[in-house]
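For clarity, chains are labelled A, B, C and D in written order, and residue numbers in each chain start from 1.
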């Protein structure tokens, strides 16, 4: 956490000699003060990843000019890249069903500015949390989903997300499978928390599957949503110990504690541009 | 978690031959169905601990008679004992200051009945959470504390706790040191969450102490409050990994995640009569 | 750990009223001093599990008579049961291939009597560790396994195990799949360590599978061997954190640290009669 | 782990604009291929830390010339710096007393080349492990230590360490307190494993202290040895869960598992030049 405004450059490119020198040379040339920097070479694929935070006021130009001047460097390195500004809050839309733990957890972090984001709205297929969300001054949209109206429902979710210019959609134990269209149109923008240590126990009722198999730890996985259910790039995971005395209901209860923590950690990494995807995997610069 | 009503016997006594047989023999004689049972012998001190859940409807009598009939058994074994009824919700008073994480976490668990308790009121030395608490339909009492009014303030806290017939007082990051009188009058009833892995870093600003020492893990400790600050019997602890890149502010943020989890776990153990104290230590039958 | 000799009763039976009373009543009647006791009711299956340690010298009879006298109690409760004697060391045969970590770890624990067992021999399909094992005074048998001689090789393993009157066979990263006959003839006696967090990544090269999927934790699983590969009852599991910078080779290295620890823990539970199997699951009284 | 030979530059210097650009610019200028790089700015102290691995054969010169040519860059940045060569094995002298777990663990890692080091000798104040060590082809020196001969004994340890040109001295549960002279003469070269989660439970019998305090986790700490006992810079720590049923002897046994793991991790970080000390703290580039 840095108090001063900063820009974050996240990028990947084919690996070659001199990448760091080129990029940090450009920044140094403009007297940019680097607050934090991370680099990673994927040896097997020959791809290079980086994330650099530069103090905004150390640079002689603003974001638009930073981007413009950096473009030739990026192009010469064949980079996929983006630069974000810590002063521009990310706009996070939360989707929730009837379970409270992730929603309370995210709103607590938002309320205290631990998560320094905008939450332009919460969308739910139930109206259970309408009062709670609205009490926080956040608009709440009840978009029921049933077998008949799925297409229309997801079109409405998409409309609401676009209308509020959302950056990220968080499925905070949203117990519905998004449409392939939504998954396709917002790659790397939709984050889910799955209540198992993937790839174990994909699909429904993972805690019951875990109980049946007799595992000694249960887990949770925060991942990007793709059209392959529970198969998207994994951002963060964690586990918690259980034993023979725990029923599936106990596991559900234990699981909540890791689900909310893993979701919050994964979301933070994403919002701070610490996550670079690479095929079906992620580089996470913690 | 058992759906059926049950009674919980928690007891300790000097160790000797035949304790379990005596106690479970008494229960079996009345056709009591044991749902869960735990026993522990402290070899060094020669003391025996137990916790037994009996299905209420399997017994031919109600709680009062259970207690009355069990008394001679307990007395012959020189027991410290109690029997609680799962149908009687514990009454938990929460004390909070300006940090939100434990309060949100506890109210989320209460709202979903994961913690099946009554919260007759929340008391705070600030009024930050008045609206939030009252939105949940829980009375909120603002009892300011300052160097001049401490005695009166704690008398007021005590009066409120007594007035609502509280069973347990939870210091959910309540940043005040309770009066020795309160600590003395409610032994084993006041639970605190300390933001360090005790006995490391007692007192103020433990995360800054941890930063200065360069530790690689930080922790949180849930303990009973006694008049010796940060010295009471430990109920639960946990830690989280940090590294050189984490500032004291980052540690505060990481720490919140274990503080709320450790507090919730410790409180649950306490409320389910899983914690038996023994000098300055606890037996926790998980 | 108790210094005095003790007997361990492990049993399971259909659940009913009065089981603990019957069993502990029997023990108390003979002035048996209970050192440790654990009970578990499996609500879903209506089965009851227990493990009780009784100080040997507190009883007026020896093991054989203990068993004989307890038999009627056990039969009336339809128990599966066994009583073991802490003074009789279990005989553990270790099978190993070319990886050293589990072998060194087990021999270190044996050498210091942390694992108070007999190791009548070590069997390997390679001769790499012949000198190391023999230096410890333990016979080493090189039984090569190849596609042609499998039947004969496993017959030889079985002959050696029987010859030394082995109680338990430990596959300490033995990179061969045992014959169905071996698995069938020694149910609950063969323990394997699998280098993944089962049920994730069954079969070969689990670390490479984990790398390909981009998981953030890798694990190890100690389980009983059954004829279904990697499907036997799980005794113990653990995980360790990795990240994008770890190659499959790094994971192999990290994995060794949990493999040996998880195997040693699982083996200890087994040897101390803390593991009761129940269909494809285990009750582990730690 | 990189199969190709590489040089590792570890350095720290006062923070300023352009450090990374200067250093990586120098490397790029000579077509140096960076395999791995890590940077850290300590905001509070204004100090900058880095570690860079460069593929040896990508550079047009050898180590000596690399150092010579880099010197002006380093001096202009007022760096503390060193460059090591992955082809030159570190020489690690192990000191041990009567506990076997860390010794077996280190020799297993050395035997399999997981730790790719030279162990020129093992020194002990007992002769328990003479045979075991010598069987591995490693010289063993028995240097008894008693209240009368301490000065002479440590002089002998120092002589042996110097004679074999040791780089690092590892106290693998060496139950003696080194002389202030040794601590002073080899700063950052002597690594100890302390059997507690420092700063809790300094001094003798930490597991007994932990038992008396009733903590719910016990730990181990790998640190550089300084003349202040148990106060040196911490390299690595970890903990393991215990409960009320664990005696101090059980804790000793559990503790061994984390002691050896934490020591091995800390030693690896040190040997790979991943640890930079900074006052009484460390930067560890994992």
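Here is the rule we go by: a contact is a pair of C-beta atoms (placed from the backbone, for glycine too) under 8 Å apart; a residue touches a chain by one contact, two chains touch by 3 or more.
Keep in mind that this is a model prediction, so the values were computed, not measured.
Asker: Higher C-beta contact count, B-C or A-B?
Answerer: B-C
Asker: Taking CA centroids for every chain, report which one is farthest away from chain B.
Answerer: Between chain B and the rest, the longest centre separation is with D.
Asker: Report, in whole Å, the distance between the mean C-alpha point of chain B and the mean C-alpha point of chain D.
Answerer: So the centre of chain B lies 41 Å away from the centre of chain D.
Asker: Round to the nearest whole Å and give the separation of the Cα centres of chain A and chain B.
Answerer: 35
Asker: Residue numbers in chain B touching 2 or more other chains?
Answerer: Only 36, 43, 245, 247 qualify.
Asker: Across the complex, what residues on chain A touch chain D?
Answerer: 2, 17-22, 24-25, 27-29, 31-39, 41, 43, 58, 241
Asker: Please name which positions on chain A make contact with chain B in the complex.
Answerer: 1, 36, 99-101, 104-105, 107-109, 111-112, 114, 131-132, 135, 245, 247, 249-250, 253, 256-257, 261, 264
Asker: Can you list the residues on chain B that touch chain D in the complex?
Answerer: Touching chain D from chain B are residues 40, 42-44, 197-201, 213-217, 219, 233-234, 236-239, 243-245, 247, 280-284, 286.
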